[in-house]
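Following: one structure in structure tokens, then a few remarks.
Order of writing sets the chain letters: A, B and C. Residues in each chain are counted from 1.
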Amino acid sequence: MSDSPATMEHGHSPALRHHFADVEQQRNAASLGMWLFLATEIMFFGGMFCAYLIYRISYFNEFAAGSQSLQLKVGAANTVVLICSSLTVALGVRAAQMGKRRLLVVLLLLTMLFGLTFLGVKAYEWHREYEEHHVPGFGFDAKNLIEEHPKLGIDPQHAQVFYSLYFAMTGMHAIHMIIGVGLFIWLTFMAWRGEYGPEYYTPVENAGLYWHFVDIVWIYLFPLLYLIDRKPLG
Amino acid sequence: MFNNFPLWPTNASTIAGDVDALFIFLLVVTGLVSIAIFILILFFAAKYRRRPGIEAEQVEGSTPLEITWSIIPLGVFLVIFAWGAIIYFHERTPAKGATDVYVVAKQWMWKLQHEGGQREINELHIPVGRDVRMIMTSQDVIHSFYVPAFRIKQDVLPGRYSYTWFHATKAGTYHLFCAEYCGTQHSGMIGQVVVMEPSQYESWLSGGTTSGSLAQNGEALFQQLGCTTCHRSDVQGRGPNLIGLFGKTVALEDGRTVTADEDYIRESILNPAAKVVSGFKPIMPTFQSIVSEEQVNQLVAYIKSLSKPATGVAGTPTIGSPQTQPQNPKVQ
Amino acid sequence: MATAITIPAEREHYLNKEHGISSWLLTTDHKRIALLYLLSITFFFFIGGFFALLIRLELLTPAGDLVQADTYNKLFSMHGQVMVFFFLIPSIPAVLGNFLVPLMIGAKDLAFPKINLLSWYLYVIAGIMMLHAMITGGVDTGWTFYTPLSTAFSNTHVIEAGLSIFVAGFSSIFTGLNFVVTIHRMRAPGMTWSRMPLFIWAHYATSIIQLLGTPVLAITLVLVVLERAFHLCIFDSTCGGDPLLFQHLFWFYSHPAVYIMILPSMGVVTEIITCFSRKRVFGYHFIALASISIAVFGFLVWAHHMFVAGMSVYAALAFSLLSYSVAVPSAIKVFNWTATMYKGSISYSTPMLYAFGFIGLFTMGGMTGLFLASLGIDVHVTDTYFVVAHFHYIMVGGAVMGYLGGMHFWWPKISGRMYPEGWGRLAALIVFIGFNLTFFPQFILGYLGMPRRYWQYPPEFQVLNVLSTAGSTILAVGYVLPMVYFLWSMRYGKIASDNPWGAAGLEWKTSSPPTTFNFDETPVVTWEAYNYDEIPTPEEVAVER
């Protein structure tokens, strides 16, 4: 059974798959499929958000101290980087819709650049946390946290929970970003080949949706992890 | 195989009768409904079997019927729910003034301690007609304390206490099972609950009191509580070697150093996370309210004795070996 | 429409259109993918079944004398993992659903054929990982992976098994995604929601659960793997974590998972009962609504697996109450099926026998669920053989019977051949008898107090265990028979007509087996589902000729 695009002799778009009645149905199906997939991703991250919620309520002091130990400016800068990347993606979808091939390729490349910048900054942050002995399982030691906040009564065990969740959540997010960058490499290549235009830009739209989702997850992660309590703590 | 073939568990506690009553009610109700459905299906299958020339009669549905057979079951279910909830509330609310028994579950045994200090392994002696409350924790994985004859069960968790209680009504010996899969010998982690008449129980209590020196009792306690699992002197265990510890300087995980005096040892038993020895994981469970103050003293005495060489005996003492019997016990 | 019987070899259809291994391994035809799944899940069914036989053999005697304790623990753990994740969860959706969903709604294929193939490859990769974990030593945490046993105490291949199930989960998610989009977007003209077969409604509800529930299992397994591998601290109480959090996260998926396993079966049973009673289903909209309700309410009851785990009493009350609510839609279905038979014209074909068995055994299993939802009773019987009997009544007596009934019902459509009816009925009877003998004694064992997952047990439990083992050998025979005669029928079975049962449904309006693109022309639907008043029985068709 072949599902390669039909030739123009068939009188329909070469991108139409044979099991669909028309391009409209195909586009609707792809769109619904991507939204459903994003729903599954929400549930996936949801498990970790749930664990976070429960432990933050129980171990607030350790969470607050741990949060303050993260580099706020770096995290904020990273947030701006990701938001810019969502802008370039959205502009890219528009470029595809308008058939502007070169602009689309530039915007996709920019998006990837922003994404890689984010990942690089994240790696730098993780490295610094490793040096601070805040990575569970790799010489974790909460003593500098206790020294910085002597009045909070920090239990090193509870602090370890915060950092475990921090690395699990940002790690999962980073994996999704890496997958996103991989997706965009393929997308950029196809865009450069001229595969996308006003009649068919569904992959750009759907990949854009995925990228926006990963961005939104970070927009939730950033305040939950970095902004727990910015008042001076005891 | 055919000697003992029970089909119904013994009823030996106050709550068992309540549970059985609800169970029988459910048996009757669900049994009747199931039989009704089976009969209907067989009846329809026979009466409406395919015969040439006779067509099926289309019946689309009936909303009133649907509503009826939704509401009625729901009503019955709510009754069952309420009845079960009442029993459960009773089960989870220990009676005031109950006798406490402390339980430490570990792979793969039950360690029980009566308030008076009597210790048992895999066996629990209790009197008929008294409320008994179990205060339980686990040393490792999740276990579950289950006595079918009493119809009670409660998971036993590491790091916290779980509670259950019962009131035995019949003297006898009943199974104690671990009911939460806990590894290799899960099915071997069984024992018995021996329910005695009050007079027999009193004599059992007095016969089982501790005797001997503090350190001797402490050593017995040390073994009993499974301290030897982690605090070994023959190989590197999960906990620090306690031989020669008393009086020495100890380096802690957070960089501080302390002297291992009586206070240090006591705190390490009751709140081990407060001072974790450098190079070890904070895995020692707390013995708060498992050991009485008297027993903490026994343990401290024993550990102190590990720093004194045994007189006239060559070689170093090892934990758990017969040679650790102190030759000059000092009662403190 | 009745067509003349054609010999499949001369006519082109999906089985003979292309030959060669790559035409199968690279296919995007939903029907071929369904058969790929059929092969793989049958393979894992027999592996899981083999483990079950070993378990039952060990339990013939009170002492642990057949295998060592550790081996026994691995056997029941892997029996559960294989049967749940590699057999039951895919079974009907991946085989019958994949084959029939496009056919039943008049579509040429599923919405995303390549993702369908990817879904099978993910299953295969997961299966290979699980087999590797098994061969290199197995896993002994139980299929439930409770912490801290799984994260800190077990010495077995927890990480590999966990990751294998993670991958299998994505297979499940993609199947569900495909079905939801297909059902929403690719119904033939005239096929409104109210004209869809209830098999489709059942798969729609199942797919919603697969989509929303499975990712939670995925992240839970990931966290277990991370905790085990990197000593993260989330479920470990020795470093401030909470083992109960694992249980909540695990059961949040694993309870809806049981509805993934039963809803498709219920859909199959509706198709069979209507056909072999020649009747429109009683209460179509109620059954459709009941399927959706089960999916929704199924997400609200997970902690009824944790009544003795150490939850608060008030939480327990809430979950007990909600658990009773989810029983109501199931009851409605049983009543509706019974009412469908009323004034029907009933024939006792093999599929119908399986449907009868399903209703009987599912009813019993469901009723015992009422016992378990009751807090007072649950304290006594949870973690005993009562629970084991309960879920086997539903998953084996229910889901597997539905699966076998469906395989028999649609076998002519899938293969173009009829299976031998006499053998079919015999096997159904053997399964029914063997099943009841295996699992009914376990209810008694449970109330007596025999805990689950016990390698050895007190001697007074022996008689009931012997009965159970005897039943399991009979059950095994009942399962092997269909394998044999289905294979036999592919070469020697009677050639099937397009619609040998005279059944309603678009799948019966195309050839047996169908062509690759299912329909020569897209059907336009102008009739209601189960229009048995308009469809002649096969006997009437024969008489007419």
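Criterion: contacts are C-beta pairs under 8 Å (C-beta built on N, C-alpha and C of every residue); 3 or more make two chains touch, one makes a residue touch a chain.
Fair warning: this is a prediction, and the values are worked out from it, not measured in the lab.
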item	value
Touch-based graph of the chains, sorted into line, ring, star, complete or other	complete
Pair sharing more residue contacts (C-beta pairs) when A-C is set against A-B	A-C
Chain closest to the middle [Cα centroid of all protein chains]	C
Mean-CA-position distance for chain C and chain A (Å)	35
Between chain A and chain B, centroid-to-centroid distance (C-alpha), Å	45
Chain C residues counted as touching two or more neighbouring chains	238-239
For chain A, residues that touch 2 or more chains besides their own	155, 157
Contacts with two or more other chains, residues of chain B listed in rising order	282
Residue numbers on chain A that touch chain B, as the complex places them	141, 143, 146, 155-157
Parts of chain B lying in touch with chain C, wherever the complex brings them together	1-2, 4-9, 18-19, 22-23, 26, 30, 33-34, 37-38, 40-41, 44-45, 48-52, 54-62, 65-66, 69-70, 73-74, 77-78, 80-81, 83-89, 91-92, 107, 140-142, 144, 146, 148-149, 151-155, 157-160, 162, 175, 177-188, 190, 281-283, 285
Residue numbers on chain A that touch chain C, as the complex places them	1, 3, 17-21, 25, 28-29, 32-33, 36-37, 39-41, 43-48, 50-51, 54-55, 59, 136-138, 155, 157-158, 160-161, 164-165, 167-168, 172
Chain A contact footprint on chain C (complex, rising order)	17-18, 27-29, 102, 107-115, 173, 177-178, 180-182, 184-186, 211-216, 218-220, 222-223, 226-227, 230-234, 238-242, 245, 249, 252, 516-517, 522
Chain C residues within the chain B interface of the complex	64, 69-70, 73, 140, 142, 146, 148-149, 153-154, 237-239, 243-244, 277-280, 282-286, 307-310, 313, 316-317, 320-321, 324-325, 327-328, 331-332, 334-336, 338-339, 341-348, 356, 359-360, 363-364, 367-368, 370-371, 373-380, 382-384, 444, 447-449, 451-460, 462-463, 466, 532-533, 537, 539
